[in-house]
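Structures given as structure tokens follow.
You will see two complexes here that share subunit A, one where it goes with subunit B and one where it goes with subunit C.
== the complex of A and B ==
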């Protein structure tokens, strides 16, 4: 074997060694990732499986409690039927949907208008206003709970009338979430506004016809976050609904089934309720996922 | 088509910086006026005040006799072309041009006619369905001009429309703007920092510095009779040579003696100095590079050649006098023999001279032209 051939072989061996070590590290990484995703998915899979459990025990009773095995012996949608027919779940679901929908529409409008104003208009105390809101945002929202309850109680917006109360609370603080949108709007050249204004557009037309189409990702992001926050809220909703079923949202309502007295009777329906909560959000995400990711990164990096 | 009148217009920013001082100007109907000056001279600010994009701190702006100070840009009936094109990136070229017409709620078939006509004039018909990002700089600028064109507005404002283009395209577009002006036959206000653009396009040039108007006049007036030292140096390339020297008065005749060489101020300039009875004394003498000629050996001002820039049809010679003052001389190559050209190397001695009629005289204190009112 010539010297050159030996050298070539050594290089190849080294190369193969590198390849092998890379493959090994990739394998380890993938194993870790798979384990992590399984851990993350387990609760969801468990909930979905429980929700479809449709079996009876030896005494002929429908199994509605927690059992020691995961896979249902008999599958069916009895839990879902019962959830919507025999319980207050439809009411909670409707409450949550109304709150989330109103909040979604109002917050989106307020946030976008606020972001546009702070991005484009220069007025006295604009800086002070922004600093004030930032400082206000540093306080945990929970601090206001006590006084909010008093105010809403005086307005008769607690207990069974909690829905308008909750809408009021969520909507009132909507303007605070303008940062990401403003950051995005700031990256759109002001010359476009000026060109449109010279072309004959009003300020509103500039926002509607120029800025919003260019800021589509951030609009989607705003809609999603505005819908999500009240949809999954528990603490405020529980406090203001004050254990009155008619005023509960899904999170609070479902949670009320988890105490000692109810869990035996409602466990599988609780799981079905959990699945039902996830459905609209999942659909919304799947439809808007592309824009959502773009929006989060676009706004964050450029802003 | 409209006249534009600015009376004592002032722009004071929030931090008390005054960007434009008492700007007075009467722009006639169908006139092409160019605001020119270095960066930060207030030319764009003035244009933006006319457009309504910048608040007017003091004074009034009238378009066609109507004070527009408090009118929104959309109500001023103006069209504007921006330096960075400002095309709407999410719309096609067609939609960009049609945008203002749709806001006017014009019928779609009329819009189609106007947009396609404008596109044809500007040669962008084949790009109508493209988005701006798929166009080159020159094409984008055409779209921006098209967008302004279709509006049939009273005043056409252009804010450094060519400064983002490369030199070749800029020359081409400059010629197209002259053609466009003939076609549109409307009032134009054009902002640029490029004196060549100002000279070639304008009916009247407004030269600005630090928020003040330095001179208003036709390109020829500004070139031949600059009102002050700033205008003298700003208009013309390469810039005018300025030398501190003495104005002498002997037997009713005027002389200058730059670098110890006595040159008579003859002709019209000499007569004008006498008419104004300008006293002898220290002055700033200005002579344009193209007005300096080469003199035979032993005559005129002796200099030493340092840099020889070959521009094709002419040479730009940077020469140094005996007291190390740098002067620039423009010499047409056509008048030079092969031997003369060969001799123009670093360190070569050159004699130069100029006539009285090409001289400009400035007061060293006020920097004003001694022959201007």
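== the complex of A and C ==
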């Protein structure tokens, strides 16, 4: 006992000796981190500030263009009001929200079923299937863009009908994103399944009574990534929407305000739109945040 | 235990929801997939069932002809176009009734969107002239019916009409003639007497600590201004299919050197800003070079301090050169269709939409400068400050023809190289770098474009084969020994093109070709400096 105490004291002493230099290095690290976080945060803060800028010029027009100062001279929510009343933004927002919601539900189910199957079942050519999907996954998705466009166009799911088209495309490929979940499921001891099976549980009961409660972080992670993806997709969404406002998602729609005919009149509304896009994703993220890190790292134990 | 049950229930609900959510994704296309087909057949039925519509020549059509079309026009013009189409329905004597679905699309993106998928593209669309060649090549433009070509040519500005032409074929209707740039300035900073001199303007901006914004680093459209100002030209040769087959360009010359010296003055100024965004006026700029589209925006930002005028002159070695510019236009295109009646009806509509009235309406509501000659002389048009400035600049402008897409990227880097240049040699290097790149587009090296050759009705060829010549120094070039016959004609040309060629003006041949006097084997010797050709018998 006393020996251990002594050792502990020695360790403590060592630490005490290091204290000054440790403090110094901590200070430096913090300064670097603070500077980095400022650099990272500046664009976001700027967008939020601009979106609340509400001043008028001599002629009484709203100053909607880029200006050289940061802090608005007059604050207000006119940009947000106008964004939702005068523009097609609500349509874009709704489009994206529908896509995100459907994808979030469908993709989560597909991914979890896929991961469970590949983790727990042993069937013929399971290995081949996994290798095949991995090889498919190695091709950049852009390669398929032309042919997917053709197919969607024949199904009349482009232009103003782009929303179901985009959902179909996003969801159709979701089965291949099972890796992280499968990795996580592999870490749950098989003995649990077997015990449940001995007690008479079906395979499905094993999944939803045993595996899913244990895999909560990974379920949350899957939901989050599925919900977030459509908000940022630009290339494919722009191609499918085919310049039709009714079929655009927020990224494509907001981008259409950046050309020379729009930017001066839409700059502050563009910023407001940017803030609005961040809202649902942020809310979801904050609610589910505590599971997120666990989910990302949990599945990484083995593949 | 309870929690598990609830979880199970939740999962079941989620799965049910998912199934429900799946449905619209699969159902909708099937449903909506039907609609266009049925619509299409209906439309066809009407077309064929309905009495003969306006036929070629536009003789009396019986009853009405229903025309269902899709149109793409810029956001701002959607409402006006709807009204104009209604006016066309009410006024046309052919009985055409147009039902148009109009979508907003910037004319800068038309070619991209049309060529993405021609089958679903709009039937009629506005586009900026620089997309013309791509659209013709892509088969996205129908030819203008021959009986309409003459009217278009007579009523509109010649350079705009030419912009809608590939070879001798008219493909597009003139819509505006306002796609150029000039100078907006802040009257409170820039004194009026300095407006004509680039050097004084730069000095004013530096003194006031305000930016001089002129997009040089990222846009060849703007930085070509200096080259055109110095008298350079860059012309691209187009064939009837809309393919670019050659270029005639002298940026890499003494004139080009003058241009880059002028450019150097601007881009090396500490107040220079490479931008054409008029929002710079709110960010410390006193001058922004931009176009008519920005007029209302500048008006909002600067209010009464708005000034608009033509570009200034720059001075090199005691001579003043007025900055040039590109002048361009917007065109209206009609998509080809197998139904000739339909195409003809669309052409009638296009003719109406580009008429004097329609162009004037567009000026009044949108500020678009008309291409129509009569409309351009309208009082209000002549009073608009932005159009006045543009017209003043247009005297120095070069009509923007069809330019190879690669040119924009090749030419825009000149200004960055000029900014880095430390001596005149660096400037020359920038130019020769430029010219070697543009000739590489046609896979011609400098050596190839400088090489001379003999061409003519000689040695069994008929003006279709170049016989190479070797450089003997001092501007003397000699061919191989050629077997020539009396009466055969030939010329010498440079670079395999007719831009530079030498014949014999005194030979009596109407085309100024050299004429062989007697049969024999000769070496053709060319003296480039004296511009003489002699035959040396072997």
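FYI, the second predicted complex is superposed on the first by the 279 of 303 C-alpha atoms of A that agree within 3 Å, B and C clash if a C-alpha of one lies under 4 Å from a C-alpha of the other, contacts with A are read in each partner's own complex, and residues count from 1 in each chain.
Methods note: contacts are C-beta pairs under 8 Å (C-beta built on N, C-alpha and C of every residue); 3 or more make two chains touch, one makes a residue touch a chain.
Please read all numbers here as calculations on a predicted model, not as lab measurements.
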**Study point:** subunit C versus subunit B on the shared subunit A, clash or fit after superposition
**Key:** fit
Study note, to complete from the structure: Chosen between subunit B and subunit C, the partner touching more subunit A residues is C
Check your understanding: What is the contact status of A:66 with respect to subunit B (first) and subunit C (second): first, second, both, or neither?
Key -> second
Check your understanding: Counting only touches as set out at the top, which of subunit B and subunit C does A:244 meet: first, second, both, neither?
Key -> second
Exercise for review: Examine A:106 and indicate which partner it touches, taking first as subunit B and second as subunit C; both and neither are also allowed.
Suggested key: second
Review point. Touching A:265 in the superposition: subunit B (first), subunit C (second), both, neither?
Key: second
**Study point:** First (subunit B), second (subunit C), both or neither touched by A:153
**Key:** second
Check your understanding: After lining up the shared chain so the two structures overlap, which partner does A:195 touch, if you call subunit B first and subunit C second: first, second, both or neither?
Key -> first
Practice item. Would you sort A:283 into first (subunit B), second (subunit C), both or neither based on which partner it touches? Key: neither
Review point. Taking the superposition as given, does A:214 touch the first partner, subunit B, the second, subunit C, both, or neither?
Key: first
Exercise for review: Compute the least Cα distance separating subunit B from subunit C in the superposition and give it as a whole number of Å.
Suggested key: 6
Exercise for review: For subunit A, give the residues common to its interface with subunit B and its interface with subunit C.
Suggested key: 209, 213
Exercise for review: Could you please specify the touching residues of subunit A with respect to subunit C in the complex?
Suggested key: 57-59, 61, 63, 65-68, 101-102, 105-106, 108-109, 149, 153, 155-159, 161, 164-165, 167-168, 171, 208-209, 212-213, 239, 242-245, 256, 259-265, 267
Revision key, fill the gap. So, in the complex, the side of subunit A touching subunit B is made of residues 189, 191-192, 194-202, 205, 209-210, 213-214
Revision key, fill the gap. As the complex stands, subunit B meets subunit A at residues 51-53, 72-74, 78-80, 82, 84, 86-90, 99-100, 103-104, 147, 151, 157
Check your understanding: Any idea which subunit C residues touch subunit A in the complex?
Key -> 4, 7-8, 11, 14-15, 17-18, 21-22, 24-26, 28-29, 32-33, 35-36, 72, 74-76, 103-106, 108-109, 113, 116-117, 119-120, 276-279, 282-284, 293-294, 297, 300-301, 303
